[in-house]
Amino acid sequence: MTQKPKFAMYWAASCGGCEIAVLNIHEKILDVDKNFEVVFWPVAMDAKYKDVEQMQDGEILLTLFNGSIRNQENEHMAQLLRRKSKLLVAFGSCANEGCIPGLANLSTAAQIFDTAYSTPSTDNPQGIRPQFQVQVAEGTLTIPVFNPVLRPLAQVVDVDYYIPGCPPESHQIAAVIDVVIAVLEGKAELPPKGSFLGVGDSTVCDECPRTRNEKQVRQFTRIQEMKEIDPNLCLLEQGLVCNGPATASGCGALCPAAGATCAGCYGPPLGVLDAGARMISSLASIVDEHDPRKIDITLDDLVDPTGVFYRFGLAGSLLQTGKASWNKN
Amino acid sequence: MTSSSGKNGNHRVGVYVCHCGSNIAGVVNVFEVAKWAQENLADQGVVVAKEYKFMCSSLGQKLIEEDIQKEKLDRVVVAACSPHLHEKTFRGAAARAGLNPYLCEMASVREQVSWVTEDKQMATEKAKAMVSAAVARVRQHEPLDPIRVPINSSTLVVGGGIAGIQASLEIANSGFHVYLVEREPSIGGHMAQFDKTFPTLDCAACILTPRMSEAGMHPNIELLTWSEVENVEGYLGNYTVTVRKKARYVDVSLCTGCGICQQKCPRKVIDETFDAGIGYRKAIYTPFEQAVPKFPVLDRDNCTYFEKGTCRACEKFCAPGAIKLDDQDEIVQLNVGNVILATGYDTFDARRIPRYGYGKLPNVFTSIEFERMCNAAGPTNGAIVLRDGKTPPKSVGIIHCVGSRDHKYNSYCSAICCMQSLKFAHMVKERTGADVFNFYIDMRTAAKDYDEFYQKVLEEGTNLIRGKVAEVTDGGLFDEKPGQLIMQVEDTLIGKQRRIPVDMVILAIALEPRHDATAVAHQFGISCSTNGWFTEKHPKLDPVATMTDGIFIAGCASGPKDIPSSVAQGSAAAARVVSYIQQKELSLEPVRASINAEQCSGCRICNNLCPFNAISFDEVNLVSEVHQALCQGCGTCVAACPAGAITGTGFTNEQVLAQIEGLLRVPVHLETAHPVAV
Amino acid sequence: MKYLFYPGCSLHSTSSAYLDSLHAIEGKLGFELSEVEDWNCCGANEYIALHRIPSYALIARNLALAEEQQNGAQTLVAACSACYVNLARTAKYMGTDKELNARVNDALGAGGMHYTAGSVEVRHILDLMCNKLGACKIKKMVERPLSGLRVAPYYGCMVLRPDPDNRWRDPESPTALEELILATGADLVDFPLRTHCCSGHMPQITTETSLDLIRRLVEGAVKSGADLLITTCPLCQLNIDGYQAQMNKFFGTSYSMPIIFFTQLIGLAFGLSPKAVGIGKEIVSAAPALARIGVKEEAAPVTSRRPPKDTGLPMPRMPKAYGDEL
Amino acid sequence: MDHTPRRLFALIKAGEMEEVLQSNTPWYCVSCYFCMIRCPQEIHITDLMYGLKTLAYQRGYTHNNKATHLSTTFAGYIERYGRAFELGIAARHYLRHPPKDLLGTGRMGTAMILKGRLKFLPERIKGTTQLNKILTRAKELETAL
Amino acid sequence: MQERFEPMIIGFTCNWCSYRAADMAGTGRVKYPANVRLVRLMCSGRLDPTFVMKALAGGADGVLITGCHPGECHYIEQNYKALRRVTLLKRVLEPMGIDPRRVKLVWASAAEGVHLAQEITKFVEEIRELGALNWQLRTRVPDMAVSMHQLEEVAP
């Protein structure tokens, strides 16, 4: 039998949700198996780093890399898989723009460790802290060194394609897999390098079923503070801070449709440098106040704007990277 | 490495650094700048960089033109003075050389560098930065063409006061059509209410009525009285205005203006408007004899027929059967190229200052009431009498600045009250021989022949007391003569409190913006000052234009004025309009926003950000659209669009971001290295 | 409703009638006035004439006490107009003027006290009755309508001016006492001088000046056809009441215009006995006027509007200031 | 009143503080606050008058005896008892400056007493010492305007 | 030459008021530090927070935004939008470790050349006080192994 192209999937700093999403494509997974030889997928099968290290450069055709780069191990694997793969795909929000783990960049590494090891919620009477290197009788023990800032994949290695979402919607994944297979069968061309796959042209509002009117916000509120939510009216118009307007479409507006504000997991839409900046700009524009004092009062109700606007995009944001990690086309 | 100069990689850019004699070269090392550009901006596509004594000179321009052709330049950067000064010049040069003018960018190294910086070295570095920014920016430029719009030759004039009448006549006389919209039943405005006009004391009616009838009969003027503007759409050259012609209940095609209906109407009503509340009219009425048009209107709120369904006296007696009790409001659409707002002013409500007793003490009058009283055609046929309607006053007190120059009411000066009050003083003396006391804070008579008039009034023996009246009380309370009014005042010239008994008090009330001024401003897309008057484009150099092209203002709408200035403004606004109409079509800067329908999600955040109503929502495709000719190019929507679907020509994200990178490329100071932009 | 109460020196002496009547009606009004423990004099207009910071400190001590003693009730009510203005101004200025606040609290510190700006809301009892309770409610409580009694309102100065907390729509044309008078069923007399000065402490300084001011008020009230005046201020009451005899002597007049506190009038309307509300403590006796109470003749309401005569010119329309709902 | 408020302020602007502080105008101010709500420039005239009185008093311009004496007498009682004592104040003040209409004043006094409107003994607050501590400290921190 | 820190400041002006004010400062030969480099927009309403972030990320130590005085905007009320955006932007920047004082909004009419120059001078001094932002050093720490005490130093 002829050699099937090799497929790999790896999780760096991530929750594993992306893997679930992949399995969520149901029967389609059989097509993957039919067309690929899965060589490395820690979640799904037993494999050792050294096996990968022994491969030829570029031996793997397609690697779906999810999770962000939090420590030296993540970084090592990113570089390794980059070397070994023809196509490296930043898969899911973490790999794309840092996602929830990226919010750690708002604190110093020291603060992070304090929270992890010395807050009341931690049972650590001796106040033990992890040591990257420990001398024991048998020799030196090391654990992966913790990087001071968390970075999306593209800031560490060169990335071929991006599939955003937390996690990427299964139907989008399926579609991408179809494309890849079509390419393998010579029926289609690869999209240009750096393309975004499984994303729409517009923003979540485009797919949102709620009715929208001209916007004037006098008071912001939070979903838990609302007595009742109009099931058909735009959430923003009800004073809820919804990231939909500045988030790439592709998810089918699941959250707003269900009455929850869009958290922004699909990242900025095409050609936008920084989703947060767009939210700041557009929200501030529709606040219906002219008096500085009143403006402050209104904005006081917009709790933790940084967290709200950058819940997923912080590590990939214009400011955090100093580099437009998000430079599409 | 630049994130924003992704597309159009290889350009051929020419950089031209101007000495401006020693203006720039005296501080900035222009040679170094040019050299630096040549060497360090090669990666940015700079192929030539030259300095020259005077770039704006014909030789300097020639230099650029030649290079464009010789060096096949497709972008030009001129580092010289402010673009507000010479942008046109250099764009012109580029155009002459066959390059789209909008592919030429300027760096203001004179106004922003050489003239304002002491340290020559830092100046030179800043100049470099600005050049590199201009280069980075111009690489992102795209060829543009100015927008052309035709101009409709009809004009809408709102407000039939003297300013509006004047403007209408000027335009009509130069052969163009005018729609004159007036809220009241007749044109004439406040001036028609007055008796005499200062300082010449010629009778207002005598000089106004000819103008009114001229406007009424002019073939190019279409009067829409008893009408109000409902809605305005469009832009310079092409406005569509919706006007509501309120039901008159009189068929003007049949009415002869004989006035029998008014005689026969049994219903007497206080005339709050024209007679300022001190006279009566009928329920069906023309505000005054010389009204233009002469057709009456029926005031349905006070008409017995509309209350009880009976009466119909007017109908019975009207020979031509012009009374039309089933009349309805009519909506008309006007297409005009320009608009002149001459909406005039309201008067201050003297009840707001209870200590002057207006509304409580019968013999306290406002200036506008007194104007009506003096008017020969007014409720007293010109007799100056007390509220009882017969007794002439033996002494009269006139208070200046009522509601003006007072932080509690209006902090501004109403400009006309001093002269008006002096005019009153004169008329009281002339007609009743009563003693007159004028209470003023400062005397403001600064215009032709005004101070002469003041002198004249002084010589007539008017008592001028410098001081703000504290209060007006009923003398009846104390041993002072009953029925008299006591004016309590500190005479600041002698530094004493005085209690001056008078029979009649006249309050020279302030001029205020129309109660609906802000609404009107919003309707026409112009702005109001903090005091509520319409703001002019430039208070000195462009006093009759507004920030919105094609909307002009005249008369008191933009602030208190006397009749001469209002008339002058009427003519001025007319002249501006005619000059536009003569151009037939207009070319506008192509700095405009446009929406990419693909990317637009129809979130509608941009929809009411535009003060010029240029953004509309396409209900069918659920996307927003920008109307090119309405758009003024401020770019607010561009910055606000959450989807990044709106781009603004001339100031695109790419252009600005590139410019920022360019600026950051050069450290502020040689010694302080800075991380370069990425 | 529980309130902290600052009576001020006068209510403990020269104006005990004010205090009596206030306590007599507070229950019915649903107020519970608890006097601030160990309050000190506000210094009237005298102390502040000599010292600035000390006088603010003097007043602030009361605010500090109020802050300490406020359990639930954060409103401090004053009945004397001068006390009210002093307290209100100090509270206000300490909130706006940081430097003053610092100095005053430094001084309070010397006595182991502190006042947190904004922690106490200062209001005058009249403001409370009209703007919080409302004349309509009071009207409902009236058991003995005082119809036939022609009452003129007299505010004096400080309850209205400078009005540091903007309690009144227009301090120049107040309507509070008017509403209360109408509520009691008495006939409202239009008294043009109702917001004029009673001459304050002038009797002790230039008697002539003050006697003239008092004369104008009394004469004005008489000419307006009032049976009696009601006021909100101990000093106004004292000057008009106490010095009326000297005034008459000085000008050779023989006016007799009783002046009582508005709380006394309300008390009477509530059906309390004249004694219970301190009637009789006034020097110019209100008894003759009060003799009318109960007389049921409907006196024509006094109004300032004159209907236009045939020859006459119409008067400007006036917005109805008060009494619509009464 | 030797200067109108307007002139007083003009004098201040002109730097004629001497004349300003000697003026009796501020002492004629009964603080009716009419000026404050009527001034078209919204100047806090009454407060200014207090300030001028304070300055004049503290710089020893106590030319206008009656008014200053009334204030000082009043202040004396407050500092001693913490409350005003009308009878005492009146008595002391009238001893210094006997009223023209002695008889009338006497009558009024007796009437007041008979009506129980004048106490014979001053009320004294508990915290007199505390109050004086506060006032002494406050006087150290004094600034007139 | 001198050691004192020379901040890099990017300024945004509106075409109608503040840019003309800058011109006026020029014609009036009013001197101000060369640290501020201006970018012309049509209106302060065009100000996109992205620009500010771009500047800060790209090495600017401060950003100055200027526009017509409230109520005097050439586009009627767009400068209020700038006001609101800057207010919100500052609130977002602070948690990211950027002192909100590094972003400043200043009103200057076309006539206020001197005023603008003064404001610029003032702002340069304020930023000099705050010191260098060094944003890129703070966001892109070297990828070598870091010991705990090094971690402590790492901003934000």
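Observations
Letters A, B, C, D and E name the chains as they come in the text, with residue numbers starting at 1 for each one.
Here, a residue touches a chain if its C-beta (ideal position, glycine included) is under 8 Å from a C-beta of that chain, and two chains touch if they have at least 3 such contacts.
Please read these numbers as outputs of a predicted model, since none were measured by experiment.
Taking the definition of touch as given, a chain qualifies here only if it contacts subunit A and subunit E alike; those chains are B.
Touching subunit C and subunit D at once are the following chains: B. With steps allowed only between chains in touch, the distance from subunit A over to subunit D comes to 2.
In terms of C-beta pairs in contact, A-B outnumbers the other of B-C and A-B. Summarising the inter-chain layout, the chain whose CA centre lies farthest from the centre of subunit A is D.
Averaged C-alpha coordinates put the centre of subunit A at 53 Å from the centre of subunit B.
Per-chain CA centroids place subunit A at a distance of 70 Å from subunit C. Mean C-alpha positions place subunit B and subunit D at a centre distance of 54 Å. The distance from the centre of subunit B to the centre of subunit E, each centre being the mean of the chain's C-alpha atoms, comes to 34 Å. Touching of two or more other chains is recorded for residues 172 of subunit C.
Of all residues in subunit A, those that touch two or more other chains are 273, 278, 281, 285, 322-323. Among the residues of subunit E, those touching two or more other chains are numbered 48, 50, 54, 57-58, 77, 81, 85, 136. Of all possible chain pairs, those that touch are A-B, A-E, B-C, B-D, B-E, C-D. By the touch rule above, subunit B contacts subunit C in their complex via residues 270, 277-280, 350-351, 353-355, 358-360, 362, 366, 373, 379-380, 385, 387-390, 473-474, 476-478.
Contact residues of subunit A toward subunit B in the complex are 201-206, 208, 212-216, 234, 236, 244-246, 249, 268-273, 278-279, 281-282, 285-286, 322-324, 327, 329.
Of all residues in subunit D, only 3-4, 6-7, 34, 38, 40-42 touch subunit B in the complex they form. Within the complex formed with subunit D, the residues of subunit C that make contact are 9-10, 12-16, 38-41, 43-54, 56-58, 61, 85, 103-104, 106-113, 157-158, 161-163, 171-172, 196-197, 199-202, 204-207, 209, 242-243, 245-246, 249-250, 280-283. Those residues of subunit E lying in contact with subunit A across their complex are 48-50, 53-54, 56-58, 70, 77, 80-81, 83-85, 87-89, 91-98, 135-136, 139-141, 143, 145-148, 150-152, 154-156.
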